[in-house]
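Presented below are the structures under discussion, each in the form of structure tokens.
In the two complexes below, subunit A is the common chain; its partner is subunit B in one and subunit C in the other.
Showing the complex of A and B:
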């Protein structure tokens, strides 16, 4: 965990500059990993935990785009332990970066500006820590994912939802480059319809139960299982994200699962 | 609708949707362990740890005495691991009891060579003093049992390595998988018990094999 104190005014200032310099809709150079400042707030999540119907998110900063092959290549060159043939199996499965041409070579199947995929949670986390950052929490990621291009909280925005549903059904042989889609309200690109993204607590223990039947087998598999349930079962796209994350293990790599990094900012800003 | 985990739903949904829908769930069908063929062979001294050994995590832990503890100090012993938290009123006491059932199922010789490790989700509440008190309340023999706490970041790493799901849902309150893990003497996950009051015979059989 990065202490908030380490992210005092310097990061905040640079993040604000990056945020101000990039007007909504404009594309910053992709080689410059830019952060967006996200105001704190709260929301009613897809799931419900008794007594905690709303999730509170403190202000933080988040990469405007998913991490690219190019940036991840620089990381594995500097950190050979994360190269394809050197990584420990405990931390990445056998498909880790399998579409790259070599340990430190992208090749024809991995363009520099495509999002990096086939990376494990451990590798994504190590990348972010090497930048002095961290993975966003599930609460933070879902908070910004609720935005449409005009509103910070529009989880059922028809345009966004139909775009996501079209993506779910589209057999895509190649990934688009990052940053090609319109930014959302926060200035974040590609939260939807490009790749799925790792979060720090992807393995949170959330169990969907029907409130009429709280004593079923889920109680034995989880401690506290009976206290959670779905609050907004109509939010199908959010449901799919939670379901997908729950199906992962930390060493898994998937051809359309990437990540972006977050950073703490000084409280109250 | 009966209670089901989202993960199980993902399994169902993955087969019904397009190419961008989740695929990795299929791998959930695989056994939860990476059992090596010679898993029952005693570990040779100074043998390098395998690529999948949990013991290679260079994470600093603190035990119930407040002393620094390294996971690789467990190398050479089969180890039963449970993640839990001390103020848990529902399933954690039952889970600790299940680990004690494993201990009780072993021959005296195997029991003496096996380590039992409890790792807390809640390091701010479970101080060394609290962990020590819990060990005394549960009559845990500290020559075999170790209760550990670490940084939140490292607890998440450890849970992820073991496949334990957990969330902090409030101060001193967590939801978590009920999962007991057997590590072979090299620290590789050999078997896991999911749920409460599961049969412990397989754990006992494997441990007897490691310590024969």
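Showing the complex of A and C:
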């Protein structure tokens, strides 16, 4: 299953898992500087439209921070096909990396330590694959997003919610550097209130694109009807994340949409 | 308030008739402009002549009993149109609408609508045929003043709250482009209540930041409709300012007026209270509790006051397109100092007349008009009046022009009024102090002694010109407090009855009533004081409670 080139990182992760296991139940496990190991679990999904009452997440690993301009610059230097003037329109729209100074140059509008934005899903995916990793699934991302500073499962923590909602009240002019915010229970920085993040299956929760289909979950997306399938109508932050993902297509790039990578952890090791 | 239209007010008996306000609009006002951003262009003005020219045809219409076929009723569909199945487009609307083929639709002239900043709005439509109206609406998230010193990050259609008013004619094809500015944090969309179709366009226009979408609909129903963003959580998108209105004029237009304005009420849910300074964040808990810090017209405290006040002149007719973005509260829309001559209730086709306050539902509207008769400032409020005083639903319409003192005099009297704060005459003389005693007399004593004090000989002795009464003040006090039994001689007549004790009167009341009778009905004596009554009460063999509570 795992290509030979990736053995090393998988083995490393397995070792980390083993060492972290003893600390479970007290603190989020620690790992390499860029990766955090997330133990498996299950939760009640925000939208029940798939018919599942619980979502099960197997143990995995996730970047502690969103991918930066600096890291993405290294990627496009090594993979010129993903440079701004060379990328195929099918894979990234015309605003792809538009704030960079050039194909392989950040320039004044893109600090190295800012999260990379204006990247398409295809590009984000290619980046992660080049690292031997992958995009997290929506289920995984939402699982870790439920954490507050102290608890792995606090989607309604008032302090966290108001902090995230306050983000929307701030003019969206400049982006902070990654890692500036306090990590959550899992040791993950910037899950909220910096950039939106791509996930592998960003459009899976509500798949149809036009309610004239008049079937399937799409009928419940808008206005008051959006509350009908929601597990918790008070979770405004989750509403926004799901709404944002549903507005996307794979080639879209957005000024405040970035990503981070995940990695599998081999079961039973 | 009087004007020609009142003559033809819709009554229950004439409901089937063509509503009186519809008439051909004046010609030659079609605006065909290229696509342009929102401008500060002034409010469209219509000549005073238009209203005069309207009066005669309307009056004639009534005199001749002119009437169009009644709208089809739900219970009894109009039989004339049922012979051949109508195209889908013709089934909507209270009156028939000519169907449009795809080829006809494609052949329609395209008109880019110029968007105007509220309280302005596009001018009345003078076309008599359908067109394809193209709307470019840009969504921007912008930080704007909410009150003096307070700002808020609004999510807007067109950079204003409310979004610009769209104005089309019934039967038009509307091609709507929604552009979400790249700086937006959120995806957005638009649900226009004027749309017949799923979501009102919401799904078709769901747009990521930095992207644009487009959809087309036919305006089948006339009226004044709200549009709003319908992206979850919808209440937050509306509370943040994402609402506006689209007016679908009847094919024959609305009656011309001299001025038109566009205003919408909306709530803002901030963490800080009303007028608390600084950038105010959205407060989710307050929104859910429907407890806004602000309820305002046109997006901010003071949007329609001071230098922003609406204006008009005596002799003009003003129409207000009033909407309520909500998201939660119903507006009791009222203009202080005016009466709405006509109200298109809920923005529909039924005309109510002579209305003081009209309800505007959240996500609904009303069209009101009134004539300006006298100068002064008219005050626009939500008559749920604490919102006006403490949350901001206050607008002004300044009317200039000559006085008409027959209709409204202005202040005619301004002088002191003291009421019972007037200086009291000294007790015991003919003055105000007698008044309380008179009340007690009428309520208690007059049942026997009669209002005139003459009594009812030979049962009840007189108090009028009474030698017995005036001979001994202390005896009179005791008679009131303890009652009086046995024979007494009054003015030469012997009375042998029984007066019940009235000890439940207070000392003050006894003093007052005795002072009263001792100075009325031909009697003249000094005052009975409270202390004299108290002294007598204290001598009574069986002390009685000192008066009622």
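In this section, the second predicted complex is superposed on the first by the 209 of 269 C-alpha atoms of A that agree within 3 Å, B and C clash if a C-alpha of one lies under 4 Å from a C-alpha of the other, contacts with A are read in each partner's own complex, and residues count from 1 in each chain.
We adopt the following convention: a contact is a pair of C-beta atoms (placed from the backbone, for glycine too) under 8 Å apart; a residue touches a chain by one contact, two chains touch by 3 or more.
All figures in this text were calculated on a predicted structure; none of them were measured in a lab.
Peer 1: According to the contact criterion defined above, which of subunit B and subunit C contacts more residues of subunit A?
Peer 2: B
Peer 1: Between subunit B (first) and subunit C (second), which does A:142 come into contact with in this model arrangement: first, second, both, or neither?
Peer 2: neither
Peer 1: Figure out whether A:256 sits in contact with subunit B (first) or subunit C (second), or with both, or with neither.
Peer 2: Once the two structures are laid over each other on A, A:256 reaches both partners.
Peer 1: So in the superposed three-chain picture, is A:88 touching just subunit B, just subunit C, both, or none of them (first/second/both/neither)?
Peer 2: A:88 contacts subunit B only, not subunit C.
Peer 1: First (subunit B), second (subunit C), both or neither: which does A:236 touch?
Peer 2: second
Peer 1: Touching A:244, do we find subunit B (first), subunit C (second), both, or neither?
Peer 2: Both: A:244 reaches subunit B and subunit C.
Peer 1: Per the contact definition in the header, classify A:170: touching subunit B only (first), subunit C only (second), both, or neither.
Peer 2: Both partners, subunit B and subunit C.
Peer 1: May I ask you to decide whether A:161 touches subunit B, subunit C, both, or neither, giving the answer as first, second, both or neither?
Peer 2: A:161 sits against subunit C, while subunit B stays out of touch.
Peer 1: Both subunit B and subunit C touch subunit A; at which residues?
Peer 2: Subunit A residues touching both partners: 167-172, 209-210, 214, 218-219, 221-224, 226-227, 239-240, 242-244, 246-249, 252, 254-257.
Peer 1: Write out the stretch or stretches of subunit A touching subunit B in their complex.
Peer 2: 1, 49, 51-52, 88-90, 121-122, 167-172, 196, 200-201, 203-210, 213-214, 216-228, 239-240, 242-250, 252, 254-257
Peer 1: Touching residues of subunit A toward subunit C in the complex: what are they?
Peer 2: Listed in rising order, the residues are 95, 161-162, 165-173, 209-212, 214, 218-219, 221-224, 226-227, 230, 233-234, 236, 239-240, 242-244, 246-249, 252-257.
Peer 1: Sort out for me which residues of subunit C touch subunit A in the complex.
Peer 2: Going through subunit C, the ones touching subunit A are 141-143, 152-153, 182-187, 189, 191, 197-199, 202-204, 206-211, 230-234, 236, 279-282, 284, 288.
Peer 1: Using the touch definition up top, name the residues of subunit B that touch subunit A in the complex.
Peer 2: Listed in rising order, the residues of subunit B that touch subunit A are 1-7, 9-11, 13-14, 17-25, 27-28, 34, 51-54, 56-57, 88, 90-92, 95, 151-153, 156-157, 159-161, 163-167, 169-170, 173-178, 194-196.
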